[in-house]
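Next, two complexes with subunit A in common: one pairs it with subunit B, the other with subunit C.
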Partner chain A sequence: MIDLLDFWRDSVPQLLDGLEVTLRITGVALALGIPLGLALALGVQSPTSSIRYPSLAIVEIGRGAPALILLQFAYFGLPSAGLSLSSFAAASMALAWTTGAYTSEIIRAGLQAVPRGQREAAVAVGMTHIDGLRFVIVPQAMRIAAPALLGFAVLMLQASSLCFAIALPELLSQAYIIGTNTFRYMPILCLAGALYAAICIPASLAVASIERELSRHTA
Partner chain B sequence: MLSVSPREERADALVSRREYVRVEGLGKSFGPHRALDDINFAVRSGEVVAIIGPSGSGKSTLLRCLNQLETQSEGSVTLAGITIDAAKPATRQQLTELRRSAGMVFQSFNLFPHMSVLRNVSLPQERVLGRSRKEADERSRALLSRVGLEAKADQYPNRCSGGQQQRIAIARALALDPKIMLFDEPTSALDPELGLEVLAVMQELAEAGMTMIVVTHEMHFAETVSDRIIIMADGRIIEEGPSAEVMRRPTTERAQRFLNAVKNR
Partner chain C sequence: MTLDAVLLIASGIPLTLAVTAGAFALGAVLGIPLCALRVSRSSTLHLAAVAIIMLLRSIPPIVWLFLLYFGIGSGFLRVGPVEASVAALGLITAANMAEIYRGALRGVHSGQWEASTALGMKPWARFRDVLAPQICRMALPSSVTFFIGLLKDSAIASTIGVGEIAFQANYISRRTFEGLEVFAVAGLVYILISLPIAAMSRQLDSRLRERVAQ
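The block that comes next holds the complex of A and B.
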């Protein structure tokens, strides 16, 4: 028992390094992916087919292909096309794509939930289409989508553990390295799991309370 | 209390005024459904026209064609010097110009719920007229006080009553200095007392000389505030004339039936 606690204590610094990478890659995936999701949500609604079809393709591939395959494609596949990425850059790209594809659906539902009268009011006061989106429709749609987006962010934090497959030194990779060196897989995986839970459970609770808060401030 | 405006005198004066709206041969189909059929009328500067008629008769569609929220299937609309013809698509510039000239007030207010009352009124001025934030806010506060709601400037719309929201919507439309105001059943979603405060603002606007087209079920307003009444049924204008005449001596049988129905309600 004392031995186990010592083992955990010795491992914590390395796992915290991994956790930092996990948070960074999740942050980058969301920071790139959610704006991409918004662009795709608008893109798939575009009346211009040269915008609509590429948007649809990006969404369908991003949702259809497992994130693990996108990761491996970015890390192992792109070099053969002459583009070598660091594991962090490859992971950012792949996870941003997944994020963009999934959040575009969430945001599209948000856009559709904005009452039609809002669009008409923006048009009737003479605002351009772009201004109407920028000031009237998108802010309301994002507010409606916020709880689902935050829920997705928590899932993405967990999904970032897939990056272990391309040797990104995130939390799961670090745990795995410790396991290989010490052959004590179970205890280290439990500790890594506890660290994921320590972030995800409070985050989910926060999402629920934000959801209640937001529902109070809509039309 | 609604005062009786000297409508007879105004009617004479109106003849010489400029035409702000002309609608010619206007038709609108939704698929096989004919919502508007061969609508013709004109509105002069300073005139207040009430459009009444049974539900589904095309009143909203007509108003929405005037500012091109709906594009007509046939005919033309001329508003504040801009002509939009069904035969050729309107340019973006024409549409912007048209919508700047026509302020629209909806039955369901359609305020922007995520902005303060002040932002609701200021934002269109900034984006459409290019006013600075300071200029726009000054104008907004002046208009909000004109509709009696200066104190609500920093609140959110959902903290205001329906009547207050509709008055804010009127201020938002007025802020663009429109040449004409279009109202689509502005009091239908409101309790009677709240409707009265909106009607009072509209009457004040009418007396200040604003050109207005008002779709309404408020017969008292139509009779006392408007100069002219248009009665619609089944997508057509069935009766048109000076308010008192139309209300007292409608010429067509269909108009008589409609007026009897609403008066006996």
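The block that comes next holds the complex of A and C.
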């Protein structure tokens, strides 16, 4: 028992290094992916088919192909097209793509939930289409989409564990390295799992309570 | 990229489907008692179920997979890669199916309970003839959505050497250094498999909808 606690204490710094990478890659994926999602959500509604079809393709591929395949495509595939990325850059790109594809659907639902009258009013006061989106429609849509986007952020934190496959030194990779060196897979993977749970459980509870709070004042 | 490479990727399809179907079947069955605990009136059982579901869903699938394959498999019990993949994904499926069943259970009108009780039906008959068919119908769309998600999640089995689509793609890309086409084809294969499943589900759903009065 003491032995186990010692083992855990010794491995905590390395796991925390991994956790930092996990949080960083999740943050980057969301920071790049959510604006992309907004652009794609507007893109798939565009009346111009040269914007609509490429947007649809990006969304459908990002949602239809496994995130693991996208990660490997970016890391192992792009070098053969002459673009070599570090594992962090490849992971950012692939996870931003996944994030963009999934959040575009969330944001699209948010855009559709903004009452028609808002759009008409924006036109009636003489706003251009862009100004109407920027000052009237998008801010309201993002507010509606916020709880679902937060829920997705928690899922993204979990999905970042897939970066193990492209040798990004995140939480799971660090746990696996310790496991390979010591052959004590069970205790180290339990500790890594506990770290994921320690972040994701409070985060999902918080998201659920925000959702309840926001839905209380709507008709 | 040669035709052989495409065929090799396609040769992973049966294992992808087997892992997905196995995990889904396991989860669909385990989800029933978990849902029963979740809606139990006893607060101890209810809290236990909530804790189990939350724990299963908050730890990433690949961590569950490693826990079962390397953790349990390295000392306590011999676990094959396919069994570990089915078990790990099955556990997560159980938590998600329990929530799907619960949503469906809520959707069954309370009059159905009351009417079947008023008719003097025994609890088992009430469940089998009145509730279960309605729950199945209501749970169908979200179950299929989850199934398609699971199909994509099954790609993680490649990390422990299950020879499914992602594994074959990885193998070819390491050998030929043509990662770009190889992973593009692999991604396309996943999309092509999920399209007919989604179409079938929509058709089945609309046919079931016709048969019941809303």
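The definition used in the following text is that the second predicted complex is superposed on the first by the 211 of 219 C-alpha atoms of A that agree within 3 Å, B and C clash if a C-alpha of one lies under 4 Å from a C-alpha of the other, contacts with A are read in each partner's own complex, and residues count from 1 in each chain.
We adopt the following convention: contacts are C-beta pairs under 8 Å (C-beta built on N, C-alpha and C of every residue); 3 or more make two chains touch, one makes a residue touch a chain.
Being a predicted model, the structure only gives us computed values, none of them experimental.
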Touching partner for A:Asp131 - first (subunit B), second (subunit C), both, neither: first
Which superposed partner A:Ser161 touches (first subunit B, second subunit C, both, neither): second
First (subunit B), second (subunit C), both or neither touched by A:Pro13: neither
Touched partner set for A:Val123, first subunit B, second subunit C, both or neither: first
Partner chain(s) touched by A:Ile61 [first = subunit B, second = subunit C, both, neither]: second
First, second, both or neither for A:Ile201, with subunit B first and subunit C second: second
Broader residue contact with subunit A after superposition on the shared chain, subunit B or subunit C: C
Subunit A partner contacts - residues on subunit C that touch it in the complex: 54-55, 57-64, 66-67, 70-72, 74-76, 152-153, 155-156, 158-159, 166, 169-170, 173-174, 177-184, 186-188, 190-191, 194
Touching residues (chain side subunit A, partner subunit B) in the complex: 115, 117-118, 120-121, 123-128, 131, 135-136, 139-140, 143, 217-219
Touching residues on subunit A, where the partner in the complex is subunit C: 60-61, 64-70, 72-73, 76-81, 158-159, 161-162, 164-165, 172, 175-176, 179, 183, 185-186, 189-190, 192-193, 196-197, 200-201, 204
Partner subunit A, residues of subunit B touching it in the complex: 67, 69, 92, 96, 99-100, 102-104, 106, 108, 110-114, 123-124, 127-128, 156-158, 172-173, 176
